[in-house]
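The first chain written gets the first letter, and so on, giving A, B and C; residue counts start at 1 in each chain.
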Amino acid sequence: MTMRLNRREFSALVVAAAAGIAPQAARAVEGGKTIALMFDAFDSDFWITGNNILKAKAKENGWTTLETISNRDQNKQNDQVKAMVERKVDGIVFIPTDNNAAIPAIRTANAASIPIIFFNRPPAPNDNKYVAIQADNRKIMQTTVSTLVDIAKKQGGKYKAVLLMGDLGDNNAVQRRDGALDILDANKDIVAVVSRVATEWNADKTFAGLTNAIQANPDVNMLISPSDSEDKIIEQVLKTAGKWHKTGEDGHVLFAGFDGDQNGYRLLSEKYMDVNGVQNLFYEVDLAYGAFKDIWGGKPVEKMLIDPGFAISQATLDGKREDMWGYHVWKEKNK
Amino acid sequence: MSDVLLKVSGLNKSFFGVQVLRDVGFELPRGAVLGLVGENGSGKSTTMNILGGVLHRDSGRVELAGEQIAPANSRDALALGIAFIHQELSLFPNLSVEENIFLDHFPRRMDRLPFIDRRTLREQAKEALELIDLHISPVTPVMRLPQGERQLVEIAKALTRRARLIIFDEPTTSLTARETERLFQIINRLRAQGISIIYISHILSDVLRLCDDIVVLRDGQVVGAGPRADFTIERLVTLMVGRTIDRLFPERGPGSGPHSTALSVRGVSQPGIVKEVSFDLRLGEVLGVSGLMGSGRSELARIVFGLDPYSEGEIRVGDTTLPPLAPREAMRRGVAFLTEDRRGEGLMMEASITDNIVLPSLIERSSGFVHWLKPAALGEAARGVAERVRVNVKAIDRTAVRVLSGGNQQKVVIAKWLLRAPTIFILDEPTRGIDVGAKYEVYKIINQMVTAGAAILFISSEIEELIGMADRIMVMGRGEVRGFFERANFDRETLMNAALWD
Amino acid sequence: MAETGSVLSFVSGGARSRPMRAFRWLLFSDYLVLALTLVYVAALWLVVPEILSPTNVRDIFLQILPLFIAALGLMMVLMVAQIDLSATSIMAMGCVVGASIMTSQDGYLAGEPWAPVVAILAIVAIGILIGVLNGICTIVFDMPSFLVTLTTMMFFSGAAIWYTAAHTSSGSSIGSLPPAFLEIGYGGVAGIPYAAIITILLAIVVHLLLTRTVFGHWIMAVGLNPSAAAISGVPVRAVVIGCFALSGLFAAFAAIIYTARLEAGTPILGQRILLDVIGAAVIGGVSLFGGKGTVIGVLFGVLFLSTVDNGLQLLGLSLSSVYAIKGGVILLAAVTDAIRHTLMARG
């Protein structure tokens, strides 16, 4: 008796599960193109926002999206590419975990003639067909720091700057450092870099490094950060040192951030930060989807598509904030 | 004092259509001790489990002090005043004595609050320990107590629940002789206080000594009941097995008798365990080893077999010295070892009879570099020895040892060593916890082996058994050899004295 | 007692009870997990018919290979009532060291024709060494294997990342492996991939080891009752150390196939699959308390987990629902298993 019931319950559950899945999956086959959004993990607002923008713009195009997440398992993600090929998607947006181990996935996509676009994580150089969307970190930092230096010139006077540099084993960090130095070296007459701090993307190291730099140079009045993820620590250190003042107040430290996340937006709008270098996520998604359309239409597409990004300052905040992805996160959280 | 506390009548119980109790009935007066004996599977445990609320009867009446009762579970039974002290004690070794005693009825602050009233707890625990003459601190963790004292704690626990009837199931199996004496004194004291006792044991001499009345069960029926004066050991055995066993111990066939030395132990010592033990075991003889628990007899067996270390001395098999801590080496020279802990060390309870039997012989019965096995041949060999020791199960390769009776399990342990055809067999308590019929068969197997020329070291805490089976008896005490006794000088009292003498 | 009644009626019943009898047999056999897999596939087939396409079925079987090998290794450790959490860090360590030897970008033996052979030997040696280390710490120093292998897991996961950083500029992985090595992942004979051939051979070896050799019987004995095994002359310590060594060896084999598939040695290889390895073994009927496990059971366990994953990948649902469904399906399997044990205990 018990067993018969079990079997019936079991079948009922399976049918119920299937029925629950059906409507969503049915959507996948009707109308337009279908593209796969293949993420490795959602560990920051950047990727969550990226995912939202990708989905929203796909919808605008009338496309259906399938999603996968590999949980940082490159082997699994390569298997997921096979599954997406099996589902006969028309295009793949790919955010891999490992630049070398992602190459077999490109080959899988190539074999099925499905365009694959690497979104902000390019693969190791290889001869297969792919498109990589990449923000030009050096360029964005150049724009950002030159905007900051312009503000400094306007205010007049000489500046002593601290340059935070992230982890120099990370290519992005190196690019950002070089971009900042490109501009600072050209303006040595007004800005002297008194301290460089390799934060290694580590909160404790940032705290200690910046505190030491300010103790050694109490008259520091310019600060360049390679990532908004360090903003909160910077705020803490500057408050402790009595240097946390708004633009226009006495003792204000000229402050450039990078990333364009919601902390960056908040500090700009509260007038503690002067400039922020923003990766233009919206533009990057347009680049990616434009590339899909070109490939489907048989037009040639560059292997590397660059997002030059932009710098946003207190003056341009109201006009440009719609393009700043951190503003949308901030808006969502402060609704 | 003659009024009846417990009256059981017409009790029936069946499992899966097999009737295990048939019309069982008996009476127990207030302040009396009732001995319950019978072979394993005769229905003793079922009867007691019904009284203790673990099982439910199909039909019949159980009256406690004139009222019909039907405890739904052991909590119910305890509330009615029936306490069941199991073979395996149910104490928590990491908790203290007082916590164990009051585990399910801690005195609470203001009687109601969910906080334990430690002071009352301590006082009540002290009182309870007084009652059983146990002079230890109530905060001692139970794991520091010897087995006998743990049992007394269990009794104290029953007393604090105002038990009117206490059931003891094989209480002396793990007790030393002194602890047993002490337990009997306590039982006599409880009896004097008007508490009734049901005492279940395989040790018939104890039952005859302690109990006022005796009930004998066989195949779920009462086959004998009456005051102790009506019974002798012989009559109890006859009633239990349902046939007359002329002798408790089988006749040994004609053999070559003791001859050359098989095992020679010289001056073996290990601090705190054994001291200067020397003896010779000859082929064709049974050397009995007697002694109280903790006398070093089991420890000696483990040392000889290479399981435990020793610091001094020499152990020789034939002409060669056995290396220490090398049971495989001992096995290769023909030594076998039946441990006293059948479940813990003798058998893989979840594995089949076949798998258990072939385990010690695998290497010798394999071939090639990878030690290849031929399952069919192994199964055949296992079936052979299983039949020899009369394990009467058809599919021995598909029957888990777990489902066998204690006696059959012990026969499996013997079978697994017989498959190696040992010349020296160390038997540590080979008949512990098995019923009279199975005991008799174990004795027969031992006799067969000796007749065939093997040497047997027979360790036992039952002196009668050694007197019945051994050619010589070595008595141990405090890790030392107290003396050797030849068959002509076997005498219960002399042997006991030798063991107890300090 | 109602159950008992119906059980008896199955035995004595006529034609009507036959399907129930078959169901009952299935419930108690190793094939239950396979049956659950088929039910799952059938349910998904209604929505994504691609799940039964020949290429997808082939993909599933290719995907399970390294996981299956690793789970077989773990099974042997579980059978002696120990656990090995380090299998995935062995994979990580093995694959980055192997890759650093044969990569054409500054590899120790870059360009040498026999570099892949040396790399494979190095991976195998690392597996065995870490396995033996686990075994010795567990047995000789009498530490809980959970603790020992948790420690080796953390140590070698870290060491693998450090090793990669020391051998590359990007720091995340070592690519550019020689084509001869990649053949293991992509090549084959007569349409059967080498990876499949290796896996099948290993599975047969483990099956024979467990059922037909002394060592296999010893593993069972140590798992069921180490004291009884020791008294019966089983070298308990050697058996346990041997099982850890085998687990390490099998993790190394899995690492070789993974590396050849990914065309790179990456230190985060396998970090995420530890639970899949343990889960597959346990779903496949291997007891965490020792003494119980079969090759076919583990195969079905791996197949089950991978099929569930594959199905969810094909669906391409939003991510939160994927986790919920996967958890639900595994829970369903666990509940079925629990019901089966309850029924089995009742006879």
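Heads up, the rule we're going with is that a residue touches a chain if its C-beta (ideal position, glycine included) is under 8 Å from a C-beta of that chain, and two chains touch if they have at least 3 such contacts.
Since we're looking at a predicted model, the values are computed, not measured.
J.: Considering only mean CA positions as chain centres, point out the chain farthest from chain A.
T.: B
J.: Taking each chain's centre as the average of its Cα atoms, which chain lies closest to the overall Cα centroid?
T.: Looking at where each chain's C-alpha mean falls, the closest to the middle is C.
J.: For chain A and chain C, let me know how many angstrom lie between their CA-based centres, rounded off.
T.: Inter-chain centre distance comes to 36 Å.
J.: If you average the CA atoms of chain B and of chain C, how many Å lie between those two points?
T.: 44
J.: Where the centres are mean C-alpha positions, what is the separation of chain A from chain B, in Å?
T.: 73
J.: If we count contacts the way the header does, which residues on chain C are in touch with chain A in the complex?
T.: Result: residues 2-3, 6, 20, 23-24, 27, 39-40, 43-44, 46-48, 50, 53, 55-56, 59, 63, 66, 165, 170-176, 185, 258, 261-264, 266, 268-269, 271-273, 309-310, 313-319, 321-322, 325, 328-329, 332, 336, 339, 343 of chain C touch chain A.
J.: Considering only the defined contacts, which chain B positions touch chain C in the complex?
T.: Touching chain C: residues 16, 305, 307, 327-328, 331, 337, 339, 341, 344-351, 355, 358-360, 362-363, 366, 370-373, 375, 416 of chain B.
J.: Give every residue of chain C touching chain B within the complex, in rising order.
T.: Its residues touching chain B are 4, 211-215, 217-218, 220-221, 224-225, 227-235, 291-292.
J.: Which residues, counting only chain A, touch chain C once they are in their complex?
T.: Its residues touching chain C are 1-4, 6-7, 10, 13-15, 17-18, 21-22, 24-26, 28, 36, 39, 42, 65-69, 71-76, 78-80, 82-84, 86-88, 97-101, 103-104, 124, 169-171.
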